[in-house]
Structures are given as C-alpha cells and as structure tokens.
C-alpha cells in the first residue's frame, strides 16, 4: 500500500477582477477560488464582469464577533437565574477575566439561556484579524475557571454547549451575530442584465422569490434563501486558508432582488456569518500567504482591518457567483448546456 | 503581483486504521483527512483506536438517492393539482423519460409541493457510484422538456426550485432522503471508556443530551445534534475528491449515546446526507485516485458498491471524530490543553 | 370562593358571507368566528366583501391524511432497517391490521425514520369526516400490538414518537402531509384594491415579500410566511368545535401575492395542515351543531365530504383575514387607528 | 337558517389544587381549564396530585417583555447601518418617545436586523399586568412617526415586520425573549413515580429523550421538545381570557427529565413565551373575572405582579399535564385505555 501524498491539491484559479466600492474596499480585486467544480470559475467570472460594468459592488460590514458558549448547571432554575443576574452586575470583573486571556481580543457581550437548571453562557468577543475560534475558546476556558471559583455551587458541564454555534445550522448566529456579518449590493441597469446576463430584472426578481425564498422555505430551511453561497464560500475559504467547515454557518444567507426605480435590478446578498481571518492557523502556508497578499489583506494596518477587507471581498465574490447562477437559471437549458460544454472540454 | 499557484495545498494525513464491521465494510481501513485544523488528526485517531479495541464500528446504509426539484407554474392551484395527479398516473412514462437520460442512474421517486399555483417536482434517482448531481440535473432537464411539451399550460420557472435541496440547510433532505444515509454504531465497555477516552459512559451520555440535543435546539438548529460532523466531513471530502460544499447538508446529523446493559457506552452517529461518489468530477486527480485506491473504493464491483463502501467509511470516520471530541469535552480543560500543546509543537 | 362557571364563553359573530367557487364549495357562506380579539371580525369581514366583489375565492384541497408515529427500538440500526424492509414487503398485512381497527378510516401510507437503533413508524390514514386523532391513535395502538407480536426483538418505546407531529411546530407535516392541505386563491383587480382595501397590488406584493417571507425567515420561522393565520384559525376552530390546539400546525402556512397580467393582485394562502372534522369530540355541543348546520357541513353526504367542505371554508376565511390585515399594514397608522376606534367603542 | 348563538361555550373544569413553591407563588391553587378534550382534565389532575405529594412545583420567572418589530427601508445597507448606529447613540430620545406613549409600559431594549437595505427594529417593553400587544404596538406606532421625521430618508414599510414575532413559529422569541419566560420544576421520588404515575424515573427520562428531544428534532421542530404544551396552554388561556392564538409561540418549550441523586425524577418544563395578562381585552368577561379572582390574580399589587403570578401558575399547570401524559406513554396501551374509558362514560 502506497503512502498517500501529504496534501490535497485542489485546483485554484483567479477570477475577476471584481470591482468593489465603499468604505471597506474601493477598487478592483482579483480573487482566487479553489474548487473541484469547474463551472464555478466562469460563472463567478461573469458576475465579476457585471461588477465592473455597473459601478462596483458596495459592501457594508454590519458586525463582527466570535462566540463560544459555556455550559454550567445549577441546583435549580432559580439558582441559575441568580448567577445570571450576578454576572450582569459583575460585568466589569467578567470583562477583566476575558481580557486577561488575550492580546488582540476584546470582550463584546454575553448572552444567556436557562433551560431547566442548565445555564448556557454565550461569550462574544471581537477578535482582531483572526477568525477567533481559539481566542474565544481560550477566554471561555479562563472564564470557566473563574466561574467555578466564584460560584462553587455551579457544576461545569462543557466548554462548548452548542449555543455558540460552531459549524452547525442555527438561528442564533444570525440573530446574535457570529463572524463578520456583511451585505453586498449591486445595481444593474436593465440593458446590462440583457447584455451581460441574458435576462431581465423582473425574471431575476421572480426567480429569487420562488426559488430562494419560497423553495427553501418549503424545504424546511432556516434563515436561508440562496442558490449556492456554500460553493463560493468553499472556494474562497480554501484559497485563503480558512477553516472551510465554517461554510455551514456561512451558507445561511439571504439573497434579495428587486426592480428599482428606472427599471434596474437591485441585487444584494446578506451574509450573517463570514468566518475568516488573515492570521492564525493555516495562514502560514505558502499558497495562502500569496493569496492574502494578492487580495491586499496582509498589509500593516490597525487590528481587524485586514480581516474586514477579506470579509468584504468574500461577500462581493458571493454576490458575483449568486447573481450569475440565478441569471442562468432564468433561462431554460442554459445551466445544463454550460455544464455539458465544460465537460466536453474536459480538464481545461 | 505574482500569479497565485494553480492549486490550494491542504495538509493531509492518514489516520487509523479504523475497524469496521457489518455487511458493507468488514475490516480495518486507514483514512486520509485533509484539513488545516491539526487537532483533528490526533482526535480522530483516538476514536480509531477505540474502534479497534472495541470490536469495530458497525455501519448500516439506510438509503441512497440524489434529488433535484423542478419548479413550474400553473394557472392556479387546481391546475397544479391536476398535473400532479396526471403525473402519478403516468409514472411509467415519466420513468422512461428519466431513464433515457442516463446509463447508470435509476428513477426512484417523485415528490411534490404545491404553493399557490407553483408546482415543485422533486425528482429522486439512484446514481450508481456517482454523487449524482449532474446525473439528476440532466434527467431533470430532460423531464422539464417533456413536461413543457406534455403540459403546455405549465410555465417553466427553474431547473432547481431549492426543494432539492443542494448545499443548504433543510429538513426535506432528512425526511425524504438525499445522498447516502447511514448509521455508524460502536459499543464501548466502561473500562474502555476510562482507559482510552478518560471518561465514563454516563458522562458522555449526559454531555450528548445537554450539548448536542438541547444546546443545538436552543441555538435554533434543525435536525442537527452533534459536536463537529462538519470538520470530519470536510477532511474526508477534500481527501477523496468530493464536492466539499455538501458538508452543509452533511452537518445535519444526530449523535446518540446511551448506557447499555452491563454499563457499556452505546454510541452512534446518524448521517442522513453523505454525498460522495467514486466517479465523476474531481475523481481523476492523482491524490484522489490514490486515496480511493487506499480506501478500497476503486475495485471492479457492481455499480454503487464502491460508493456505498466510501459512504460507510465516511460514517465510521465521523463516529471516531465525534466520540473523541465529546469525550474530551467531558473533562474540563482537556480541549484547551490539547490545542495549546499542538500549537507549541508548531507546524509538525 | 365561588365555583367557576362550567364553560368559557367566547364571544362569537358571523362574518361574511364569503363567496367561494370551485369544486368543493360553490356559493356564499356566512362564517362564525369566536374570538376575544374584536378587530378580527371587521377585518375578516372586509376580506369577505372583497371575495364577493371579485368573483369568489377558489379553494383547492390538495391532500388529506392524519398521522401518528409509533416509536420502537431494535438491537441496532441494521435490525431496524430489516424491520422497515420487512414492513414494506408485508404492506398488505399492515393494511389489514389498520383496517380492522376502523369503520371509516383508510390506510394511506407509512413513513420511517431510523435514528441510531430507534425506528419511528409514521402511520397515515384518511379519516372520513373526523379530524382523526383518535382513529389513527387506535389504529397505531393495534399496529403496535401486532408489531410486538410479529417482531419480538423490537422493544416498544411509545405510541407517539413526535414524528407525527401533533400540536407542535414541524417541517414533516408540510412535507409528508397531516390534516387537510388547501390552497385558497383570489384575484383582485387594481381598482378593487383601491376601493375596497385602500391599497395597490404592488404594495401588497411588496409587503408580503418583506414581512411574511423575509421577516419570518429572519425570525427563524420554519415553513411559515403569514401575518396572522393563527388568529383566524382559532376563531374558526372554536366556533366549529375543533381541537383548537391544532392552530399550532395550522399557523405554518404561506401567503403568496403577485401582480398578475392586467395589473390585478393575485393573492393566495396555502395551508398545509387544516385539522378539522364534522364528527367526533366536541361536535355534539349545541352551538357547534348549529354552526356546522349553518356552514352546510352536516348534510348526508359520502364520508369526508362534509369535512372537506369545512376545510375549504376555513381556508377561504383565512384568506379573508390575511388579505385584510396585509392591506391595512401597507398604510401607516391604519392598523393603530382601527384598534383605537374599536377600543373607544368599548364592548360592542 | 337560525342565527348562531353569540358565544362559543367551551366546557370548563377546575383541576387541582396544584401546589406551587418559590418566590412568585407559594401555596395551593385550583386551576380552571376550558377544553373540548375531556381527557385533559383527569390527566392534568394526576399531575396536580403529584405536585401536592412531592413538595410543590417551583416556578422561576426568567424574563418578561413584549416585542413589536418595525420595518423600514434605507437607500442601501450602509445607510441602514448608520441609522442603527445613530439609534444606539440616541437611546435616551428613543426611550422618551416610547415612554410618552404609555402609562404602565417600560422601554426595555431594541434589537436590529439588516437585510439588504431593509432595517428591522424590534422594540421590546415591559408591559405591567397586560400581555402587552396593544401597548407595544402603540409605542411602535409612535416610534415609527418619530423615525420618519428624524430620518426622512427612511421609507416606512410596516408597523410589523414579523421579526416580533406574533403567533408564528420562530427562534427569535426564545433567543431574545417575548412574553414571560418561566421554568417549572418538580422532584418526584422513585416511589412516588411508582404509586402516582405507574412508571419509573428512568422510563420517563428515556421517553423524554427519544420522543420529545429526538422525535421532535426528526420532525423538523425548532426550539421545541414536548408532548403537548399546546393543549394545556389552550385550556388555561381560554379559561383566563387570554388571546389563545398565542399558544403557537407558547408551544415552543422544552421538557427536561433526569434521574437525580437518590434515584428521584427531576422534571422541568421551560416555557420561553407565556403570553398572559390580567388586564386588557377579554379580561372584563364575567367568567374571566371569576377565574382570575379564583387564581388570586386580581388583587391590588404592584404592576406586573398579578400577571407574573398568572404566568407562574400557567407554567405549573403545563408541568402537571406534561408529566402525566409522558408517564402514561411509558406504559403500552394506557393512553388508549384512558381515552376509551372516557368515551364510554360519555359526556360526563
């Protein structure tokens, strides 16, 4: 039996440039995507072309935080409530415990759930340029030690009670925030839709309502209305050295399309949980370093700015891929023909 | 600006061997995992060790099918219902249309949703050794053409109405089936828990209830109760050339733990949507070919057997990783120490 | 301390007539609603007026079945699978066991879930004019006895495993069906919208997308997109002697609105789980008998027709109430003024 | 055609007394339940008997607030974010606007969601002894007027954007709070389980895990794990003049059972959204006044205390009904026999 190679080699290409505008990124960026699904490159590229033709994609970063939920148990619900109330009063002490565990992280907030006599404590931190899993887990570990000492009647259950929630479907991440939350928007005139996407604003709007909003709802989706964010996130995360299992939360985003005044297509993707960093595990790999450099995300900047830039580019890339696929699906047979053409061309 | 490399190079290691028993796979298998999260290797390896010490992991494949949902629109709901009823009567014709599109696929079933005047048609096929996305999309495309001809009053909306559902959170995939559905089970005597996992059956059972079942439920999860299936699925999918964006559906699985007669730990993972193939896009890459060979999944066998074997090994690997992490989380501080040790060791 | 009265006395009024068209009900019907929320009467009445002005509400009954899920446990998942496969082969015997328990019920289908070594068996029956809870529970009880005898290795866990699912939120009821599933549709010309609802088709469409589809999705809703189906269902269920706790499932419906050719508003409500009967517990109360008589649902007809008529009227009533509230919410301040006026008028 | 009566007459009985302990209610209370499901009375009564035998049910009120979500639209997501940030800075002004609308209500918090260019503003208030729908809607209306004046670029979309969320399934109500949130707990020694409930702690724990936690999860439930909270809530809400459509949110609660030290059964129900008031619409009806008096909820007390007392009794009643049904379902055939006996006895 041969030893396997020491690395999985996922084909990677540059797409774009994508044109971005707004306070976080203003300019054109070429974006690497690593994927086994070859149609993703030309498809996302088409969206990039639209971004350049239509004034650029405006990205707004709404929020950033990373969360970890400790799980403790009290004698009864009343005791759990008293601890929760005590922690609210001792917020300064809690903050100090958290801050003592980290150089770059900042305490942001705590949320609670009491279920029977269980107490879930969701610790939320701002984590600089890191995705922040380790930072918040370390802080949670220190906080757990402090809690066990200060509230000896509490019994420790777990460093993670899944109310975080990491790499699982949830509603909590979208409601309370986890990762960087972003909206990417683009306005495409009707003639641009026709020329570049072979469709009309009305058809994209109609498809988004029936497929993304209603179809996903019928499927039992939760806080999800999109065609394929996961594909684009995977390509982007693999190319930039992220923990790609976070595409699970990332996939829970919502596409919105509307016909704007003057008949243009207003198109946006809202991504509540982009989980990316420019430092931390995986970022030292040569191909990752090169890609972060290419994306302009390894400059000397105040903590958090590189990661925010990376998140913004990520959101814009998702918009490109989503727009292109939706446009294709408004045309019977186009999707199938695109795949067949690529297959005939083989391993291009 | 340098051109980026043409591939993302994700570190990959062999873990195991994992011991499997049962009708699908009986024997020991070493399993490649490609990941940037280094603690995943020793953690999953610990589970593999338990599998060898405790008689092997028994995997049962419950079901296999791939689905694509066409979306059409009728004049009103009554007309949509009449089409649905007509398709039920014309099942033989529908089957023939589907079968004409494929050499290896087999028509399995159709399910419907009517929403207002929209008609969602979920086509389900068995897809041999392929994951089957392209196969079922092609069949859906042919079926769409036939439907448009046979029911001219129907208006085509989309080749995919998200009732499939692909790479998004859903309940439908678990209820109606999508991908290969599997249960992996292992029974670990109490002394094995102590020696190999530094925990007790009761503590694992307790943690699974409070973290995986209740914590995920509080987070607003849907059909999900596990600690980190997504991590293991990602490592396995990347190593075997799968479309790794399918970890989104894959992550929706449920861990169950119970104290069995005699005090042993009964531990299982149920995965409704393992989406893997041994043929199709990505399978020709050298590292993928080697890994499929290593896993014994490229032999000459009746269609579907290689893919079923791969799915069974995947489920067993998920069990190893899940068991190990849960055991670690029953011990305060163990998780943190494990990560810190690995970090101190650096890029080993 | 006085003894309380022997009945809760919920104020009840007739609204309508509502005009219905289509195969199930064709004509005008006055509908009793029992509610403590007085604004519900004038609001639903406004919808009824629209139904008369615009050609009537067309109701389509998509499906009917009642479900109960047995829960058994096997030695392992493999054994559970063998039982499931055996039951598929012995479908005739299973049908006979079910049919022996009932005069009016008809076996429809069985669905399964295997989780670890648990086997959930969802028994589905058509239940004539009854809502059918008792009928299907009795059949499930008989089936459980038969299963225990035929498969002695199976361990009984529960007569109801919550995969039914009764009076709880779920996705399964919408996907597999539970209760009577119906679509009610109405087309309202633009001038009718202006005159009767003080709004425009475009504004109703816009509000439905942003509030019902997107707002509910952001809230973490599942298979739900409406403003207040529960209010109307409660009033209807109380007035007609139904088990009103079934508004929980009933609330999971989806409103759809679109601008049709010619500028009219196409408006529909899709209700997957209307759980009503014209016979069974509660139906003998005098006010219930009178109301069922008034609704034309106590005539001598083939089994099931009275209940289907009742379900159709229920769906049409929901449409009236939903349309009216949405229209009101398109106008800033209208909702508030309506409530304030009613309050000033006091206990009218 | 006869005119229908002016009220629905729902049979009502007193159950109990239920014994409660703890800071909110300490003593025995007889509880009226109005229902068409006659087995609910003896079943809940059995739970009440257990409460008296086992030291009483301890209820903890975790939180109270009522919410309404305004929906506005900005030019783009960046503008929506700037409004959100501005509102955070102007919190005192917002509070003043809200407080000017109400005598008894208190501003508690605001939460936001930005989706594309939409801005959802969830206003949360403490509402004294009222359930609070009208109070918070009025405050939201005033706030909307103020927002439109202060931020003229914002476009008003709706007084309710379904992020509230009222009478619909959601995750947001459990995560951010809506209504009174309560835990009711009872510890039942093993011999009490045997004598009063004909079961064992282990069997109740086992059933709760497999049916309530796992079965509901398989059904696609969200934040729900119980057997029949909706039944008990309906009976309680109807008897006390509540808007019973709120059982939809109320049904989303979680039962927890565990074997405590010494072998006793620890049993709790956690209800995130009990929506009750002792003043407001419906409370003036004679049977409602009598019942609130009977429950000790119409005394002269500081604002909110009567409603909290009512919520606590409601939670304890839910515990009684849930415990009794789960115990019954641990015994094959018991549930069926209970129903059959009641039916034979007829309209008792």
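Order of writing sets the labels: A, B, C and D. Residues in every chain begin at 1.
Assume contacts are C-beta pairs under 8 Å (C-beta built on N, C-alpha and C of every residue); 3 or more make two chains touch, one makes a residue touch a chain.
Just so we're clear, the structure is a prediction, and the values are computed from it rather than from any experiment.
S.K.: Count the C-beta pairs in contact for C-D and for B-C, then report the pair with the higher count.
M.R.: C-D
S.K.: Of all the other chains, whose mean CA position lies farthest from chain A?
M.R.: C
S.K.: Can you compute the centre-to-centre distance for chain B and chain C, using the mean CA position of each chain? Integer Å is fine.
M.R.: Chain B and chain C have C-alpha centres separated by 34 Å.
S.K.: Taking each chain's centre as the mean position of its Cα atoms, how many Å separate chain C from chain D?
M.R.: A distance of 22 Å separates the two centres.
S.K.: For chain D, jot down the residues that touch at least 2 other chains.
M.R.: As it turns out, chain D has residues touching two or more other chains at 113, 115, 118, 171-172, 174-175, 214, 218, 220, 222-224, 254, 256.
S.K.: Okay, in this complex, where on chain B does chain A touch?
M.R.: For this pair, the touching residues of chain B are 1-14, 30, 32, 34, 36-38, 69, 71, 73, 113, 115, 118, 120, 134, 137-138, 141, 144, 148, 156-173, 175, 206-207, 210-212, 214-216, 218-224, 226-228, 230-231, 233-234, 238-239, 241-245, 247-248, 251-252, 281-282, 284-287, 290-291, 293-294, 329-330, 332-333, 335-336, 339, 343, 347.
S.K.: Can you check the complex and tell me which residues of chain C touch chain A?
M.R.: 171, 174-175, 209, 213-214, 217-218, 220, 222-225, 254, 256
S.K.: Please output the residues of chain A touching chain D within their complex, sorted ascending.
M.R.: Touch residues, chain A against chain D: 22-23, 58, 60, 62, 76-78, 81, 111, 113-118, 171-172, 174-176, 183, 185, 220, 222, 254, 256, 266, 268, 270.
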